[in-house]
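One chain, chain A, links the two complexes that follow: it is found with chain B in the first and with chain C in the second.
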Partner chain A sequence: MMKQRQKEHKLSTAAKREARTAYLCLTPALCGLTFITYLPLLAVLVLSFFRWKGLTAPTFNGFDNYIRLFTTDPYFKDSVKVTIYFSILAVAGSMIYSLVVAMLLNRKIPARGFFRVVFYMPYILPAAAVYIGWSWLYEANFGLFNYILKSIGINSIMFLNDSDYIVPSLALIAVWLSGNLIVIFLAGLQNVPRIYHEAAEIDGANSFQRFIHVTLPSMSPIIFYNLIMSLITNMQIVVPALALTSGGPGNSSMFMTYLMYRYAFRSNQIGYACAISFVFFFLIAIFTLILFATSRGWIFYEGGDD
Partner chain B sequence: MSSINLSGSRSASLKGIKARAKIGNALTLIIVSAMAAIVLLPIWWIFRSSLMTNNELYAWPPSFFPSRWLFSNYAETLETFKFWLYFSNTMKIIVPAVTGGTITATICGYAFARLRFKGKKVLFALCVGSMLLPPMVTLIPQYIVWTRFLGLADTYWPLIVPYFTGGGAFSIFLIRQFISTIPRELDEAATIDGAGPMRILGSIIIPAIKAAMIVVALLIFITLWNDLLQQTVYINTEPKFTIVIGLSMFRGGLKADWAKIMCATCLSFLPGVIFYMIGQKYFVEGIVMTGMKN
Partner chain C sequence: MATAKELPDTAIMSEAGVIQWAEQGMLYDISEMYGPEDPKPLDSLAFKYADKTVAYSAANEILLMYYNKDMFDAAGVAYPPAVAEEAWTWDEFVEASKKLTLDKNGKTPNDADFDKNNITQYGCMVENLTWQLEVWALSNGGGFYSEDGSSLAIGEASSIEAIQRVADLYLKDNVAPLSSGLTDDGVQRSLIAGTTAMTTNGAWNIGTSLASAREEGLNYGVAVLPYMEEKVTICTGGPNVVFNQTEHPEEAMEWLKWYAREENNWENLISTGIWMPTLDSYYTDEEMTKKWLENPNFPEYEEAKSVLVDYAKDYTQSTAWYYVNNTNDFNELLGSVLGDVWTGKITVEQAITDNLPALEDAFAGNF
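On to the complex of A and B.
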């Protein structure tokens, strides 16, 4: 009796000690979550209800910032449209591109390691340099792409100076940059049990049917993961506007993050910029929630693993 | 009789499948090579442009190779594009941020993977949830605190210190995933031998997750590498410019001297390529892990 109580006591002090160590270890993460993530998010929400030019004290103005955003702001609606348009193109493009490349690389071909390095390479280049480098390829008269277009008899395109072409042109760069998705897809493909493919093959399924009925279902959790990550990355697009286009021509590359930057750091409308930030956060949250809500329908988890 | 016949036809069909697979693989190799060439073409085009005269750049039709490899372009570019200054400035941010981020991510990831404590589930959910929250959203309040309250405008502190909080939720998550794959028996054996959690972390866990730590380091490296927005916001004076700020300013100042802009672009590509070549093996291995247990 005594012994058992002593043992319990000992156990609970050990547990306490373990918990104390854990909290100590997690101090950095706790600070980060508090001061870098959740408190600033709250601050953004609060500030979005204030008029604040930065120099004088902020004054409360209720929903005025939001009303101005959705009614009179000359950039906001375009910026939402452009951001969503870009994200759809970039996410769809990079998902398809990287899944196709991953499936090709998953076959038994020589020099796979080399090809993997090649397709991954763009991802490790600094984005600003990539967009600046590509701006020369897109150059209206002497760029590589117009050279290719002209040699197959198509009129040249002012890629980055034409408001119809700029978003698809930038999205193509984002697709080129998506090498990290390839590596993740490749890992997923290597985890699809070979037996499934062999069984389907013996049953006479052709490679397209195998793709639809074997590869896609067993890859669905990874497709979902890549989809979310790619969406969040591409919604935040800002580098090309900062480094190249300044939101132009017209408002055709006025991405939301860039608009937020302009209001907050160029014209000191801090409260107003916070309203944009919060709408931006809200948009991403909605897209993510939609993806999560629909995921139950199409994600296939093997054997109900926790 | 019939059984022999059956096995004969089966081996024939298997042979057919194998032959088809061979043709398929050859075809795949051709397609993959073509795609790789397309992916590399922009990089080649940028590089070849950096070695040409501007006259040659505006020649029609353009050629795939420079007539003379003008490495002197680089020397001229370096006169105004202060690459070494920008590079060492970038390193002044990246080295402490990567070190601090990797160490704190390891410690936090370890606590989430192995230690028992109250509120673990909630904390971990908050942590994963913050992965879905883009850093752009919270930039303004952070900027106000760093510059107004702490007076640290035009310093590297606001770009470095946030990485000391676990290097971002993604890094913590990645380390935790890695540690979860190490058999617990090892820890338990060490506990029986009287080792405390920190001893276990140092002598069992860290040696086993070196690959993951390198991945975290490289991911933080890439994040900083790409983060033109925050660097633009916090750094205001030329002696403190990083590579990406220096490059965009350089381009803004030249507009049409494409040969030099391409030189500066290639120079900015270089450090990433070198670091990637060094850590390549671990990097791919680790990225693979991130996508797995989800």
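On to the complex of A and C.
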């Protein structure tokens, strides 16, 4: 090992030229990342220590924004809670739903191509239209769901008007929207080596046992990838608050991204919104790190560890 | 743009932002914009900061009541009055709403076997977007703020009672659909959807949605708002401002005055019913009124005149954002605080008294 590494350090002329080309090709991407991701991120961090209403020059106020955030702010605590609550429901729901649908779509059923399109479709529809459409289904007085409930003798549910129901109701929409996860799961399922299934079958494993001991472990890297992607997408949820709920009723759909938007662009408190976005950034980072930390225990890489 | 000192000379901005900008010293004093000879806008349309006029609304928009005439005819109930002197009290309004609310068997809340879980037509929907609730607080002798805007009045019993009465239309009287005041489509959800006999909202709806609904067969009329203690409505309208970074304040004001003239907004905005005129001559000179309202986009002339002209002229107060700062933060917090009121989880009194310190903070601009 050691010798090999030392060898790699002494690059041949050809390898040097190759490296130069590689760096050259990386430059545009690196510039892009620097100027539209890392520098703005740094600016957000710096601005979060300022009071800035956007009209006059920013004034430095130390940790005041952060102190206010964790003490007197009437929205922030609820906002963190509902964002996490929503993410857990939406991520768990869409993972299970997508995996089940992907497995069904992986079977040799008639019109398989058609059904694959049908389940993927929600993902490519314009988000605002999707939420408005669902809001009609959910409507408290005359919506379709309540019409059905009433016709079978159950009292109406105030899906979007009741602070206890709104997050599960919105999470259900997020689950329905998770067509992209289905596609990735499908690709993963098609890569599960047939040979393991056959071996298990010969050993007398039933289909459930094969699912637990063959499909799931083979799929674990894909599951992990979908889990991370789904977590990040769902924590950044903002469209339903913008299109339907304005964060309400009460603070029950005051998602963090929406709160950030409200402070920054409706209340002109740019510095304060920057502080929220930095806390939010950390929150997502923490959840992602937790997932990565636990991943060693349950992910099975076929190639083995290097 | 403001920080870079690159603001334009004039602009139309959001209502709730004017006083904040004025407080930061960004707006030019336009008190002298209209000379003694000039036709002037209604007083209620001037945004005031420290006794100076810092903006005039580009349009006048009052809150009023819309109703479905066919539903009233079918129920045999007299139309709600268009004349302010005859305005319904709140109780009369609730009574009429009860007669217009029907369950799937055609029973009303006055019948013993009324099925409140299967209502097919509601009597009314009072719009509960937060800023519009101010009119009911005022109507009951309270308000969101004291008269001069220097302190909060939302905690007063009269203000709390007024908002509770609006919530009770759904919770107790069973005459209104559940609405949480979160989306600005009340007229569409109620009157135009054909599910509700009366609704309250802004005058712009005549042009933005009701004119086309009438072409589709909606036979609607306009009426004055019912009242609790005092007959009142509130007005609003996008403010035109001159920024004080301008190097040409005189020209900027001259331009605004020209630009705000009714004839320049006639085709698309005023004659369609989206904007009400701002000059007081439209409210005092019948010839001007006729020019505006004898127009197929509006309900029948006498009715339209008595609501959009007489009521608008004599019973209108400016919405608080004409003279109070931080109304945006206050309204957003109040809306959030009232979230569980509409479903009856808590009362208005609980919601407001529990959150009064935070509301005070929002009002004081500590947010």
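We take it that the second predicted complex is superposed on the first by the 273 of 306 C-alpha atoms of A that agree within 3 Å, B and C clash if a C-alpha of one lies under 4 Å from a C-alpha of the other, contacts with A are read in each partner's own complex, and residues count from 1 in each chain.
Note that contacts are C-beta pairs under 8 Å (C-beta built on N, C-alpha and C of every residue); 3 or more make two chains touch, one makes a residue touch a chain.
Quantities reported herein were computed from a predicted structural model and do not represent experimental measurements.
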| item | value |
| --- | --- |
| Chain A: partner with more touched residues, chain B or chain C | B |
| Which of chain B and chain C A:Thr72 touches, first, second, both or neither | second |
| Which superposed partner A:Gly247 touches (first chain B, second chain C, both, neither) | second |
| Partner chain(s) touched by A:Cys274 [first = chain B, second = chain C, both, neither] | first |
| Chain B versus chain C as contact partner of A:Val183, first or second or both or neither | first |
| Partner chain(s) touched by A:Phe142 [first = chain B, second = chain C, both, neither] | both |
| First (chain B), second (chain C), both or neither touched by A:Leu283 | neither |
| Which of chain B and chain C A:Ser156 touches, first, second, both or neither | second |
| Chain B versus chain C as contact partner of A:Leu216, first or second or both or neither | neither |
| Footprint overlap on chain A, comparing chain B with chain C | 141-142, 244 |
| Residues of chain A that touch chain C when the two form their complex | 53-57, 72, 74-75, 140-142, 150, 155-156, 158, 160-163, 244-252, 254, 262, 266-269 |
| Footprint of chain A on chain C - complex, ascending | 2-3, 17, 20-21, 24, 26, 117-119, 122, 177-180, 182-183, 193, 195, 328-329, 332-333, 335-337, 339-340, 342-343, 345, 355, 358, 361, 366-367 |
| Complex interface listing, chain A residues touching chain B | 15, 18-19, 21-23, 25-26, 28-33, 35-41, 43-44, 47, 101, 104-105, 107-110, 115-129, 132-134, 136-137, 139, 141-142, 144, 147, 151, 176, 180, 183-188, 191, 201, 221-222, 224-226, 228, 232, 235-236, 238-239, 242-244, 257, 260-261, 264-265, 270, 273-274, 277-278, 280-281, 284-285, 288 |
| Interface residues, chain B side, partner chain A - complex | 17, 21, 24-25, 28-29, 31-32, 35-36, 39-43, 45-46, 49, 57-58, 60-62, 104, 107-108, 110-112, 115-118, 120, 123, 126-127, 130, 132-144, 162, 164-166, 168-169, 172, 196-198, 222, 225-226, 228-229, 232-233, 243-244, 247-248, 251, 258, 261-262, 265, 268-269, 272-273, 275-276, 280, 284, 287-292, 294 |
